[in-house]
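Chain naming follows the written order as A, B, C, D, E and F, and within any one chain the residues start at number 1.
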Amino acid sequence: MILLTRRVTFSASHYYWNETWTAEKNATVFGRCANRNGHGHNYTLEVTVAGEPDPVTGFVVDLKWLKDVMEQEVLAAFDHRHLNLEVSEFGQGKLIPTTENIAIVAWNRLEPAIKKAAGAQLSKVRVYESQEIFAEYRGGQ
Amino acid sequence: MILLTRRVTFSASHYYWNETWTAEKNATVFGRCANRNGHGHNYTLEVTVAGEPDPVTGFVVDLKWLKDVMEQEVLAAFDHRHLNLEVSEFGQGKLIPTTENIAIVAWNRLEPAIKKAAGAQLSKVRVYESQEIFAEYRGGQ
Amino acid sequence: MILLTRRVTFSASHYYWNETWTAEKNATVFGRCANRNGHGHNYTLEVTVAGEPDPVTGFVVDLKWLKDVMEQEVLAAFDHRHLNLEVSEFGQGKLIPTTENIAIVAWNRLEPAIKKAAGAQLSKVRVYESQEIFAEYRGGQ
Amino acid sequence: MILLTRRVTFSASHYYWNETWTAEKNATVFGRCANRNGHGHNYTLEVTVAGEPDPVTGFVVDLKWLKDVMEQEVLAAFDHRHLNLEVSEFGQGKLIPTTENIAIVAWNRLEPAIKKAAGAQLSKVRVYESQEIFAEYRGGQ
Amino acid sequence: MILLTRRVTFSASHYYWNETWTAEKNATVFGRCANRNGHGHNYTLEVTVAGEPDPVTGFVVDLKWLKDVMEQEVLAAFDHRHLNLEVSEFGQGKLIPTTENIAIVAWNRLEPAIKKAAGAQLSKVRVYESQEIFAEYRGGQ
Amino acid sequence: MILLTRRVTFSASHYYWNETWTAEKNATVFGRCANRNGHGHNYTLEVTVAGEPDPVTGFVVDLKWLKDVMEQEVLAAFDHRHLNLEVSEFGQGKLIPTTENIAIVAWNRLEPAIKKAAGAQLSKVRVYESQEIFAEYRGGQ
């Protein structure tokens, strides 16, 4: 079993805000992240698939195909976007776009598309908000 | 003469938009950066001062002091902010917050504060929007 | 289950020396690391907690709180210190401050403080001595 | 149990080519990687061993010894070499030197040499072809 | 005056060989780099242009345009290629593809295309062979 | 003219202390850096030489030779050493081993050895104490 990983980056805005709280409570809990004008990051999305290398190609999956899946399923929706305002999973305050939740949403978008590829399965999704902070999700295990 | 450099990072949102243009022209010229919801980056601000090391301390400037200046003059206004909406130099479409203009604005904010410190002068300001893109300004030379 | 990670850095001195050996044996086994004047590193401490994102905040833990814990439990004792001479676990030659042992000591300092936070548990501690060398500890599993 | 990791880099050429296919099919599947003149990378080899720190030295393994093993078993054969033409496991089109297969071949070369060292075992081998792509192998588990 | 920089990466093979020397002399001077099967690197090409930000766009140059120029003038010829065998400037042993010469050749390819862009001029080209080695060229100054 | 740069790293301890001051004044000015047990860093030494590529080799200088010079002139004295206690220029409190002064001392050690190499001259020395702080010296210009 090989774990094969592809990294891409995207730039997005977000803020942290719980619609059921007062502005004061949002400011207390979320600090500067509660600024409703938004702030942003260069995120890194790291996707790992698990499988055996195909003896014919030497590939677990074709990395060009994997990058295309990452771009279609995640970057087309997230890159150069405001996550709270433009990504459906986070819309209307449904889900706060923390690094943790971005990793879960990315997994949920990627997993069905990767499952269709014979011989490999999504193993983990890691999202870096910065060099100091990252979250990793391995599905509902 | 020694060039001494301090790096800090900040997270901010921005968009590119020329108020005198149509939405179509903005989209054509600026592409995805014209999204008015904003997108964001982890910026790196790199400030270089020039001078002789003080024989008593070995310092060109005290780097803790320099970091404080960078935080007071730039990060207090830029970090976790939307540059177009919250930084006066970029407000009301006066100036588009490209990496080039962010470097010039940071210089203009830092230069007077650093000039007051005997024995050192601001030499250059470099701003990284990402690992692939950066702008450097050395004042009105 | 999400794995959420925070990185910080600290600067410290250390040397490798087994008090029960001769100087010759220390020099043979530990080479340049046996220099009793000490040498130093910029260490990176990477702490990973495991848990479910709180539906109210989107956080597994508040990362500001986690950073405070890392600073109080580890950096207050290790940063800008000589590990052999100033950190109790390594004092009087009790334990050699290799990267492996630094990771274990950091775990033992962090685990009780993190256990008190409802909903998350310490999952792993990784310590980088340099970009080429790192040790990871997951507790007494 | 501690996981202790050592990183080294090497520079090598390779190409992707399946001898049983036509040139057209190779070009279709492998794209620019099918160029038989070869292209190259700065690879990073990351080797992780698992064990308990020796109470006498504080080492899981002596990292100088581990680096020597990595150089003798892998870098002596791979560094500044053309993998398809000069590394026996990949010769005569036997195995395509994808990142996945390089990780497996490195494991197979390292595992017997590390097994001889009392108290530690090879835990994983990770190979980076670039900052965007890496493969990890943990043996025939 | 602003210096604006764009980085891209490419993967290529090369070797060092002086056609007028014996194999022995090539091996003595160039060591492992004289292996005629070639070895390779992930190169980073860093291109800096100098100019004033256009008051209408905030751009010294459009970075998408600059990236296109870099891809057309340099990467189309260098990426996934064997520099000695496939790049005309280095062909038939005319010029040894050292990092120094790659920087000069990249400058000579980029300078005419950038000169056509009003308001900016090529300022420097930096080529990294690895994180440890890089060469910078500023034209025939 | 080409600027050719080589990077190496070294690990060292140091502290900041002015022998003519009281302990209180040292603590006030130097903060945690005044701890006389020392603390340490992974320093990066970046040496740039300027010259024309030799038409016979393509080299400004042989980078293996340059690395040897850096190791003989600087690393042999600095690596795995306590700079205040073991490097003559900093001994007996003569000079405080700030990043600025380390760059000047490294220049003074390297410049005579590089001057002997025909066709190249030392252009600049840059020393990184960390990713956030670095000093650059270009000689007594």
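Methods note: contacts are C-beta pairs under 8 Å (C-beta built on N, C-alpha and C of every residue); 3 or more make two chains touch, one makes a residue touch a chain.
In this text the structure is predicted, and so the values were computed from the model without any measurement.
Visitor: Touching chain A and chain E alike: which chains?
Guide: Of all the chains present, those in contact with both chain A and chain E are B, D.
Visitor: Figure out the least number of contact steps between chain B and chain C, where 1 means they touch directly.
Guide: The least step count works out to 2.
Visitor: Select the interface copy of B-F from among D-E, B-E or C-F: the correct pair shares over half of its contact pairs, counted by residue number.
Guide: More than half of its contact pairs match B-F, so it is B-E.
Visitor: Chain B and chain E are the same sequence; what rotation (0 to 180°, nearest 5) superposes their CA atoms?
Guide: 120
Visitor: Look at both sides of the chain E and chain F contact and report whether the same residue positions are involved, with over half shared, or different ones.
Guide: Answer different: the two copies use largely distinct residue numbers here.
Visitor: Looking only at C-beta pairs in contact, point me to the busier pair out of C-F and C-D.
Guide: C-F
Visitor: Where the CA atoms of chain A average out and where those of chain B average out, how many Å apart are those spots?
Guide: 29
Visitor: List the centre-to-centre spacing of chain B and chain D in whole Å, with centres computed as mean CA coordinates.
Guide: Chain centres of chain B and chain D, defined by C-alpha means, are spaced 42 Å apart.
Visitor: Which two-chain combinations qualify as touching?
Guide: The list of touching pairs comes to A-B, A-C, A-D, B-E, B-F, C-D, C-F, D-E, E-F.
Visitor: Which residues of chain A touch chain D once you look at their complex with the stated criterion?
Guide: Interface residues on the chain A side: 1-8, 53, 56-60, 62-64.
Visitor: Report the residues of chain C in contact with chain F in the complex, numbered from low to high.
Guide: Residues in contact with chain F: 9, 11-14, 32-33, 35, 37-42, 79-82, 85-86, 130.
Visitor: Which residues of chain F touch chain B once you look at their complex with the stated criterion?
Guide: 16, 18, 29-31, 95-101, 103-104, 131-138, 141
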